[in-house]
Amino acid sequence: MRDVLRHHLFWPVAALVALLVANTVARPGFLAVTVRDGHLFGAPIDILRTTAPLLLVALGMTLVIATRGIDLSVGAVVAVSGAVALSHIASSPNPDSPVTVLTAIALALVLCLLLGVWNGFLVSVLGIQPIIATLILMTAGRGVAMLITGGMITTVNSAPFKVLGSGFWLGLPAAAVLAFGVFAVVAFVVRRTALGMLLEATGINPAASRLSGVRSRTLTWTVYAASGLFAGLAGLLISADTMAADANNAGLFIELDAILAVVIGGTALSGGKFNLSGTLVGALVIATLERTVTVLGISPLVTPLFMALVVIAVTLLQSPRMRERLTTARRRQVMAPAEPPSTARPDSTPDSTEVKA
Amino acid sequence: MTQQTTPPVVEMTGISVEFPPVKALDGVDFSLRPGEIHALMGENGAGKSTLIKALTGIHSPTAGTIRVDGVERRFSGPADARAHGVSTVYQEVNLCENLTVAENIMLGAEPRVLGGLNWRAIRRQAATHLERMGLDIDPSSSLGAHSLAVQQLVAICRATVGDCKVLILDEPTSSLDTDEVAHLFTVMRALRDDGVSILFVSHFLDQVYEVSDRMTVLRNGTLVGEFVTADLPASELVQHMIGRSMDVLEAAEEVLEQAERPADATPLLQVVGLGRKGSVQPFDLDLYEGEVVGLAGLLGSGRTELARLLTGADRADAGQARVSGVPTRLRNPRAAMRHRIAYTSEDRKGEGVVDGLTVRENIVLALQAERGWMRPLPRKQVDELVAKYIQQLGIRPADPEALLRNLSGGNQQKVLLARWLATAPKLLVLDEPTRGIDVGAKAEIQKLVAELAADGMSVVFISAELEEVLRISHRIAVLRDRRKVAEIDGDRASMDQVVELIAGGGAA
Amino acid sequence: MTTSAPAPGAAPTKPVARTARARKLPVRLDRRYLPVLGTFVVLALMLIVGGTRYDNFLTPAVISNLFINNAHLIVLAVGMTFVILTGGIDLSVGSVLALSTVITAALLQAGLPVPVVLPLAVGAGTVIGLAHGVMIHYFQVQPFVATLAGMFLARGLCFLIAPESIAIDDPSFVALASWVQIFGEWRMTSSVLIALIVVGLGFLVLHFTRFGRTVYAIGGGEQSALLMGLPVARTKVLAYVVSGTCAGLGGLLFAMFSRSGYSLTGVAMELDAIAAVVIGGTLLTGGTGFVLGSVLGVLVLGLIQTIITFEGTLSSWWTKIVIGVLLLIFVALQRVLSLRRT
Amino acid sequence: ACSSDAGTEAAGGGETAAADDGVITLGFSQVGAESGWRAANTKSIQDTLTAENGFDLKFSDAQQKQENQIQAIRSYITQGVDVIAFSPVVETGWDAVLQEAKAAGIPVILTDRAVDSSDETLYESFIGSDFVKEGEMAGEWVAEQYDGEGYKAVELQGTTGAAPAIDRKEGFASAIEGTDIELIDSQTGNFTRAEGKTVMEGFLNAHDDIDLVFAHNDDMGLGAIEAIEAAGLTPGEDIKIVTIDAVKDGMQALADGKINYIVECNPLLGPDLADIAKKVLAGEEVEKRIVVKDEAFDQAAAKEALPTREY
């Protein structure tokens, strides 16, 4: 039991379960999933679909954060991606042709990859602090998106594109299949190859990594490019969701949600050890939280308060001090382990410092 | 001794500290008397640093009592300890590199005027303290600009500021050269004569014998005993520490063969006029297979910088390098690694360990980086490799999944060594590889270096301990003022001769 | 090379370190000042370019307005500097600023006198800052998350207190807000005065108190600071209290500036504050930076906005793009300047 | 107050000269570009206040920040423009800067949104829609159509605390008062399509029996349509939809039968603004409040109007 309680995913998962329970209490049929036309329907399926873009963005964000960085520009990249894809479809004579749609998707993804490369260039080559480097694109990116759409909301009707938003594959929402699929592939690649470890080494001690022959600069560059690409993919899902490219609002504040998802998932913003499964749970928690607000009928006036309380509860419960209390085993240290700097961060791999029963 | 009768300043009884599952200290007794220099001895991971941290309130013991001046106390942390006259210099230099030297010395005890800091007085007092330590550096220079050794001395300066009854020095001498050590000892003796009790950790037996009055020996977290230094022969001490006899210490020289190289051999690495502005003057150096080249020099003489140029850690702006006769540019560590050149930095904390990763990950890091991320080492191979080095170097705890930050200083150093040995280098540049390593392990490492050389590896060996350099090297390059001033045959070189060259007194 | 006096009885020791030699050369600018200097130079360049490009640009009125319009941001940036110097971050300042304006407006509307209202509004910021500090230090919650929660919380409180915007017409508050000193064409309002006082205080506290130096030490390495026996806990908590208080005060200045309280004020203003601090040469990793740099950072952001207005023909999207480009030019130039000299 | 004196001094020179050359320099500070409606509004202003029409337009986008707007207005004052016009981000907080403008002798015209000020002399005129009225019109239509059928309605609110959101909510609520239409839930969708969709999904999860959606703008309504369709229901039939704005996409959906009723909120304020600005500068009396005529469309009207709509 205590092992379960100490697992790094315990509190995020507990939060997710608590939210689902709250919803089920308020609405007994909440967890019901029905099958219609061979597709699954229901609130849990909705949650999976709304999680999809956030999950993609959070995936890129996790990798960036592992290298001690941060990417504030993802929201703007989301907007650019939607703007490019939909403008292309809207201007084509044949919006329903798969070729048009595929070209649009390719165009958008390539551009977003380039935007990511640009961020990576600023950070890894020019050595600009990540928060400022990506702030530049955060501001300018939305301008570019608006430039592309002319400031209007571009709306299209294109059946193949719409599949990304509300279509179904294998009975599940296409968006969810895509996002979770990409997530799984990336997680597999990162953990089955040495990429994960090299990223962590870069994030924890760049100097030592360089001397050990790790291509820190290339890696850093790569994760920003990846973050741009995933944000671009998320942008496609978001714009396909409403079949409209809203340069101003698409992906607004998604960077905060993504960072929150990463942190709830137990990855420290100070870089190093990262935890993709945690990010997955974090993204689900956030999407469920948003749903909960509507299902519980919380007044818009207190929605931010509610969010704050949930975030505070989850993070406090996850905090080392609380874990210590709750697992009842006393830690023998009054302070964080002291020799090398294990600065005060919630330890992502707590097992080694925690007490065995 | 008259002090026998006076009550101890610090008395610790039955101290236990646990980092489950590790029991770092188990019922250890320790007492420190007024006006003595007391050495704390033990292997890497024996629990010396932990005992000190238990005293100063960083770790809270699960059992035992601590009395300071007869009053039972549990300090809440270094600040509290300091307020009660217990100042500590911890094993890793723990100062703020972003601040000036003066600030680092005076922080927390700054003189003030009108409620604000009096910068002039701060600098003046800091200068006084520096002078007492014999450090000739500008108090308003930034600490980060100084070498580790200087930082170490500054840390000691800091500890002696204010009302200090007990001074604790955890391996203060590991990055100092002989002169500085001698100087530090003078200062320590002066402090002792002023009534300060000093607790002192070192792996250098001769130093311990030179300066300490009594010693306490720990092994594996338990107390072996307390001894009067003068009454305990070194061989017995070693036996107490490592539980084996002294013989191992002699091992290195037996292995070290005379490197017989054919006259026409091509050097593995040949550099001509290699240099870098502001770092080292252009120098020539040939490194041959199977040969250990020692670098000797004073603190700040440029040994580290030379090593960094050889290994691509810094980029040279003059001169050429040839690897096995082929001209090469050692642009970065990767380029050097491609030619099987490996470098362990002297700055373990800053440029060595990746403290948030496990022992296993730290060991395979360089090997894996070299292979590229796409070709992960098979897990089985990794486990074998890691197990091999843990065993060979005696890394403790012998747990591949332990986080490196939880290892004792000496064990971290061994992990670093393992990281580079795992890449099977042809040229291994070791900058202070034995710093902070216990006698037994140090002998093991020296032996290892000799064996590696015997197997055909070329080794560059840098150590502040001249004796060690002399013992182990086939050839010694001497540096002074960031310039290579001489190259002498290791077997024929005498200590005095090298010292003279280093100091620049003799005609080189 | 001069040798220090060897300690009595010492063996013939040689001077220990030679490292200081280079440092002892006179008039070598301290590297720590370079980023700030870079900011300053580029700021000056921008002013000159603006002055040649637009009429009426390099006038005391425009410069005065630069301060008047950004007084609240200056105060936020000062508080943020403390937090960032410790290696933390405070995302809540925009919301706390809004909360403070809303409290001010609501309480004044309810008829409470100014001397009661002002401390309450600032105090709200202090309390939130304290809560952040406690979460961050004692519960070891990451600053980003703790202050993000604080951001939601403060915004939620704003909506609770004032769903609609509230105008402030309390005569004494209006009098305070519209106090102005005129020197020729230069104008100094009460909020600018307050902001400058805060800057001065921030500078003094950082450089002439133990608290201030401990802030730097923590940024240099929290673990080291702890082992050096510095009061890390107190200092860290206090840094967030300072930031919260500054945000509260900033809210007050904003209320004086806009004479109203509105719950959606200051959305994303924390990013402006952070950007200002970073542009001013402070490292986000902590330990290096100056309050004055942050003030320069605010002026840079304000100047970018001024240039946009003077340009006068930019559509919404070009505005955003131009801000991004100016920011880029700025950061790149600053980077080049500070690299060149190191 | 003292600040006004300062304004005079600061503005001093530039102001008189400009009006003489026949070109009217007008500084316009727009809220931002947060919606399609706003884009149409901006376009209307930029297309009308052209050099041909005798205007030199200085336009700035405040990115939804009041401080930027105040800053822009101050800057217009120092630049000495002839007229200042702006759509305030918030209703309150303009007294000080408007007094500066007044002291500098620059007339101010408000567009789209009002300011809440006790001193009406601070601005010449306010051109814009009546948000409460819009809400009422929507509510009245709903009451007329569906009263007596026990409809359960949900509301997609605009940005919490924003004037249009507050006013439209109020207008709608007052219009359906006394009918048996019950407002069972109300959440903010922030005026955006995406949030409109997610919130509507939530509503559909939370309630089985929604009959009608009232959205504070078309975009949220369009989002709701997506959510309703995704739930396998037919928008406009199973669930009726009423929105405000009448931008092109909304009108299209109305014509397609997916929306049932739209109350227009006219963004084409350019011509009115040009007109008033000229009058003000010529010294003519202008009305303090110019309510832009807002129409309302049902499905038939939409089909008719669609081909000729400008936005």
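We just call them A, B, C and D in the order they show up, numbering each chain from 1.
Note that a contact is a pair of C-beta atoms (placed from the backbone, for glycine too) under 8 Å apart; a residue touches a chain by one contact, two chains touch by 3 or more.
All values reported here derive from a predicted model rather than from experimental measurement.
Any idea whether A-C or A-D has more C-beta pairs in contact?
A-C
Measure off the straight-line distance from the CA centroid of chain A to the CA centroid of chain C, and report it in whole Å.
Spacing between the chain centres: roughly 30 Å.
Centroid of chain B to centroid of chain D, CA atoms only: how many Å?
Using C-alpha averages as centres, the distance is 71 Å.
At what distance in angstrom does the C-alpha mean of chain D lie from that of chain A?
Chain centres of chain A and chain D, defined by C-alpha means, are spaced 34 Å apart.
Mind checking the centre-to-centre distance between chain B and chain C? Centres are C-alpha means, answer in whole Å.
Computed value for the inter-centroid distance: 41 Å.
Using the touch definition from the top, which residues of chain A touch two or more other chains?
Each of 146, 151, 300-301, 303, 335, 338, 340-342 in chain A touches at least two other chains.
Please list all residues of chain D that touch 2 or more other chains.
Those would be 32-33, 39, 42, 160.
Indicate the residues of chain C shared as contacts by at least two other chains.
Residues 159, 163, 221, 223-224, 226-227, 315-317, 319-320 of chain C touch two or more partner chains.
Pairwise, which chains touch?
A-B, A-C, A-D, B-C, C-D
What does chain C use to touch chain D in their complex?
Contacts found on chain C: 56, 59, 61-62, 64-65, 68-69, 72-73, 105, 158-159, 162-169, 174-175, 177-180, 182, 185, 187, 189, 254, 257-265, 267, 302, 305-306, 308-310, 312-317, 319-320.
Which residues, counting only chain C, touch chain B once they are in their complex?
Chain C residues touching chain B: 1-11, 13-20, 22-24, 30-32, 204, 207-210, 213-214, 216-217, 219-221, 223-231, 287-288.
Which stretch or stretches of chain A touch chain C in the complex?
72, 126-129, 131-133, 135-137, 139-147, 151, 247, 256, 259-260, 263, 268-270, 300-309, 311-312, 315-316, 319-322, 335-336, 338, 340-346
Applying the document's contact rule, which stretches of chain B touch chain A when the two form their complex?
Listed in rising order, the residues of chain B that touch chain A are 17-21, 49, 53, 57-62, 76-77, 90-92, 313, 332-334, 337, 343, 345, 349-357, 361, 365-366, 368-377, 401-406, 408-409, 412, 419.
Taking the complex as given, what residues does chain D use to touch chain C?
1-3, 5-6, 9-10, 14, 27, 30, 32-33, 39, 42, 46, 57-61, 63-68, 70-72, 74-76, 78-80, 90-96, 116-118, 159-163, 166
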